[in-house]
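As structure tokens, here come the structures.
Note that chain A is present in both complexes that follow, paired respectively with chain B and with chain C.
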Partner chain A sequence: MSLEVNDLRVHYRTLKGDVRALDGVSFDVADGEIVGLAGESGCGKTTLGKSLIRLDGRMRHVGGTVALDGEELPIGDDRAMNKRRFKDVSIIPQYSMSAMNPTRRIGRMIADLLGSRGIAYRDLKRELVQRLELVGLPEKVLDNYPIELSGGMKQRMVMVISTLLDPSLLIADEVTSALDVSNQKAVAETLVRFRDMGFVKSMIVVTHDLSLVYQIADTIMVMYAGRIVEKASAETIVKAPQHPYTKALISALPEVGLEYGDRKLKSIPGKPPQLLNPPTGCRFRARCPLAGDECAEQPPLVGIDRGHEAACWKLEESNARA
Partner chain B sequence: MGRYFRRKLLIYGVTFVIAVTINFAIPRMMPGDPIARMLAQNKVSNVESAARMHAYYNDLFGLDVPLWQQYLNYWGALFQGDLGVSLFAFPSPVSSVVLDALPYTLGLLLPAILLSWFVGNGLGAIAARSKWLDNTALPVSYLLTAVPYMWLAILLAWVGGVILGWFPVAGGYSFSFSGPQFSWNFIVDALHHWFLPFLSLFLVALGGWAIGMRNLVIYELESDYSNYMQTLGAPRRLVRRYAFRNAMLPQISGLALQLGVVVGGALVTEVVFAYPGLGSLVLDAIQNQDFFLLQGILLFIVIGVLVFNFLADVVYVLVDPRTRLGLEGGAS
Partner chain C sequence: MLELENVWKSYRVGSLGSKRLTAVRDVSFTIAPGEVLSVVGESGSGKTTVGKMVLQLISVTRGTIRLDGRDITAAGKRGLREYYRKVQGVFQDPFSSYNPIFKADRVLEMVRQTYFPRVGRSEWQAKVEESLQSVGLDPGAVLGKYPHQLSGGQLQRMLIARALLLDIEVLVADEIISMLDASTRIDVLNLLGELKERGLAVLFVTHDLSLANYISERVIIMRHGAVVETGATAKVFGDPRHPYSRNLLASVPQLHTKWADNQFHAEELEPDGDRDRPPAPLTKVDENHWAAAAG
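Right, the complex of A and B next:
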């Protein structure tokens, strides 16, 4: 097991109270596995990604544990985490377009960064240049300022920087959202290549774009309102989803949704709930076509099949309807 | 980039020509005989000297030649540093009256602006990372910038000069000296007179720099690149170094802009502390209706502002790769 997350709870402290953005999240990621993390905007995907590497000032680790390669990740302890960042866990942030210091040449910035970790830039330069070539960037970008790179180039540059120390776990947050279609495809393929070449052991790819993550992920996790509602192989999530929320997400997809024959495309009515005072019971209840009395209790995440879990009281009924 | 500077130079050049032209036009647009009027107003009653001055100005204006010729002559004189003769300090030429006052103004404003810039930026940068200093330095800074300058200056003059009696409250040097001279005694005396007006200018500018720097550093520390560095485990020291450097960039152009107003003098300061300098000179010129002197000072101020604004433009572009590269991209 590369990554084990157990009942993780992370809240945002606000003046109005705690926003429970992660409310009891448990999952594993195996060595070499690419896990896609999907769900509508505001479901807590970014929060989960950030929790695994760096809590920002308003985030509080309220409960639960995270272990990476059998060793605990001290996510609530910024100092202790610092040693693990970049080397063990790394992230390609949502804001890659502005992730690099605009007033420093990229090579200098990397040298500063490595130097601060006690690594000589010289020693890694050859490897760095090779990886740049791999993603189609010439060596001379190291002498450029970020402003001189196009959006796609910046994205690839940040990908190379984040994975330079061969982290065990890589979190990629909406890495394709800011790009055009051809760049999206290239970036997605590069992520797979990085895994295949052993630059990173395992990966969590955060996206609201299920069709993209379907192409590269081994496993897909669907999040709703701070909890995981379904986890299964990418194939199963797209072809045979069990949870009413996953079904709604899939049927809202244009190209994949077509496989459902004559069912019409529809977006899911309503919005995910506020996490300041989340509703009790199943959080999808207000939007769920199957909701019933038992749904006032929170459904547990239970195994359905090998590697397939879902959290819903009416899985069988939901199957019958599909 | 070259195109950018050429365009800027052109703009500043045109501004300069317009300013000089206005300077040229004002006395000529006044109704009646400007020379006779000025002589009358300045009560040059001595018939001989009045006649001499009338002849001199007639000659200077060259009122007997066509206007375009007068205009060219005016430019010609200007390039030779000839700004005419001051009425109120007759018969000193305007240029020497202005040059005499200039050292006081520069000696007061340059140190005040530069020192407040250094100290303010230092304080601001530290306040951005120290809760304790932020809670003490920041309110003081806001107080300093919020206080009306006039009030602060009078307070300083009153406390330092009247109550404590540590500093003289008027003049650039004591009356016991007949004029500026190079002697140890004179320098000490001049510094003694210089201190209070300097302090008032220093204090009032300090708060602004400190607040600006603090906010800039905090902004940079919360920016995406700072966050990214931290997720990659960069130590605080490195993150702060980057933030500080980037926060300095707008402050550097701000300094260049501030220096532009130096030449205008600090009118209020020089009035409150009865300190010699361009500011007091402006006042003298107005009170004595000395248009030539006023024109001369105005020209100085215009040149100063233009030169330093251009400098600010240059600095702004050179210091920040974003603007520099943006311009290079645009020019090619």
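Right, the complex of A and C next:
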């Protein structure tokens, strides 16, 4: 088991009180697994990604544990965590177009980065050049400044840098959102290739785009209002979802390759709850077509099938409707 | 009926306008009332520039744009105001379309000040409420609120309601869905469908092929400022003839098929060349389906 997250709670401190962005999240990521983390804005997916590598100033680790390769990850302790970053846990940030130091030549910047981990640049130079070739970048880009590269090239450069030390866990946060469709596909497929070649052991791909993550992930977790509502293989989430939220979300996605004619897709009425004072019980309750009295109590994430979990009291009813 | 005929747009770029960038090359199309036409393209394809020219936010370098047979570029400032009675736009980011200092419904009041100064308060109030209801908003829930108190979907719908206060014929919708969440975006998309049924012409500019496929009868695919393929949506998306369209469609992530399952090799495309040359002409490949010659 590569990553084990147990009842993780991370809150944001605000003047009005704590915003419970992550409210008791538990899951595992196996060796070699690509987990897609999907959800709408504000559901806590980016917070989850971030809290596994670096909590920013407003974020507070309230409870729960994270273990990577059997060893606890001190996520609340910035200094202790720093030793693990890049080597054990690495991230491809959301705005990787602007992730590189603009005042340094790229090669020099990488040398600095490696230096901070006590590794000599020349020892890794050959490996670096090989990996650059793999993503279609020539060696000479190392002498360029980031501004001299196009958006797609910068994205690939950052992907190579982030995975240079073969981290055990890679977090890819909305890496494809800012790209055009054709680049999107290339980047997504590169992530899979990096996993296949063993550059990273396991990966969490954070995205709002279910159809993209379906293409590359082994497992998909769907989050809603700070909690995981369903987790299953990519195939199951898309073809046979169980949770009412997942079902509604998937049926609201228009697609290419289908003819709609007069058929109309349906949205989910209402909006997600505020996480400052989240409602008790199931958080999807207010928007759920099946909600009943028992939903006033928080449903646990229970196993339905092998590798398939969902948090809903109404799973049987939900199935009967489908 | 909105018509674009051989429209070109060049920008001056670089220091002191020393360079020229041709963003739109020889684009022609028409939109009839009661029709949604999607303009699809990647960044830099010129799709937004087309929308901006229709809205007269930027000038047309060459060619003409006509509304109901009248050349819109010839109209002066006075004429432009009348033009905006008929043509309105909604843009990508609902949060920057509003002034955060004022209440959101100010955008509606400004329509009254500019276009209906003689309409009385109560009559106007009734008109506003009717318009808000027609876009699926509860007037009590959105009037008197600041932009940050409303969701992106509500703000976008309010801008559409604003456009409907005028007797518009054409709505330019530039990426209006992109910043909305999956669960609410479909409401705005369905609203566009309703507008169409009411007889509006909608120019739907997007990079997202799946949205275009869902909402529009006809579609235009643009690349490097020129149209590469156009026609009925089912034909263009179902049987793409231009290699660029094929590449694009094969790259779109879908839920019913995986990239890994159909081995598709991207076709070699003509690089971006001299943009001042006329683009490859469109030829009819099927009923209601035209494509540019490739290579």
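The rule we apply is simple: the second predicted complex is superposed on the first by the 313 of 322 C-alpha atoms of A that agree within 3 Å, B and C clash if a C-alpha of one lies under 4 Å from a C-alpha of the other, contacts with A are read in each partner's own complex, and residues count from 1 in each chain.
One rule holds in what follows: a residue touches a chain if its C-beta (ideal position, glycine included) is under 8 Å from a C-beta of that chain, and two chains touch if they have at least 3 such contacts.
Just so we're clear, the structure is a prediction, and the values are computed from it rather than from any experiment.
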Chain B and chain C placed together on chain A: clash or fit? fit
If we overlay the two complexes on their shared chain A, which of chain B and chain C does A:L210 touch? Say first, second, both or neither. second
First (chain B), second (chain C), both or neither: which does A:S233 touch? neither
Once aligned on A, the angle formed at the Cα centre of chain A by those of chain B and chain C, in degrees rounded to the nearest 10, is 70
- request: Tell me which partner A:S26 touches in the superposition: chain B (first), chain C (second), both or neither.
  value: neither
Next on the checklist: Under the stated touch criterion, which partner chain does A:Q298 make contact with: chain B (first), chain C (second), both, or neither?
Outcome noted: neither
If we overlay the two complexes on their shared chain A, which of chain B and chain C does A:P93 touch? Say first, second, both or neither.
first
Discussion item. Just checking: does A:T65 make contact with chain B only, chain C only, both, or neither of them? Give me first, second, both or neither.
Written reply: neither
The superposition places the nearest Cα atoms of chain B and chain C at a distance, in Å, of 5
Chain B and chain C footprints on chain A meet at residues none
The residues of chain A that touch chain C in their complex are 40-41, 180-182, 184-185, 188-189, 208-212, 214-215, 238, 248-250, 252-260, 264-268, 271
As the complex stands, chain A meets chain B at residues 53-54, 56, 81-87, 90-91, 93, 95, 98-104, 112-113, 116-117, 145, 147-148, 158, 161-162
The answer for chain C against chain A in the complex is residues 42-43, 151, 181-187, 189-190, 193, 207, 209-211, 213-215, 234, 237-238, 247-249, 251-260, 266
The chain B residues in contact with chain A across the complex are 223-225, 227-235, 237-238, 242, 245-246, 249, 320-322, 325-326
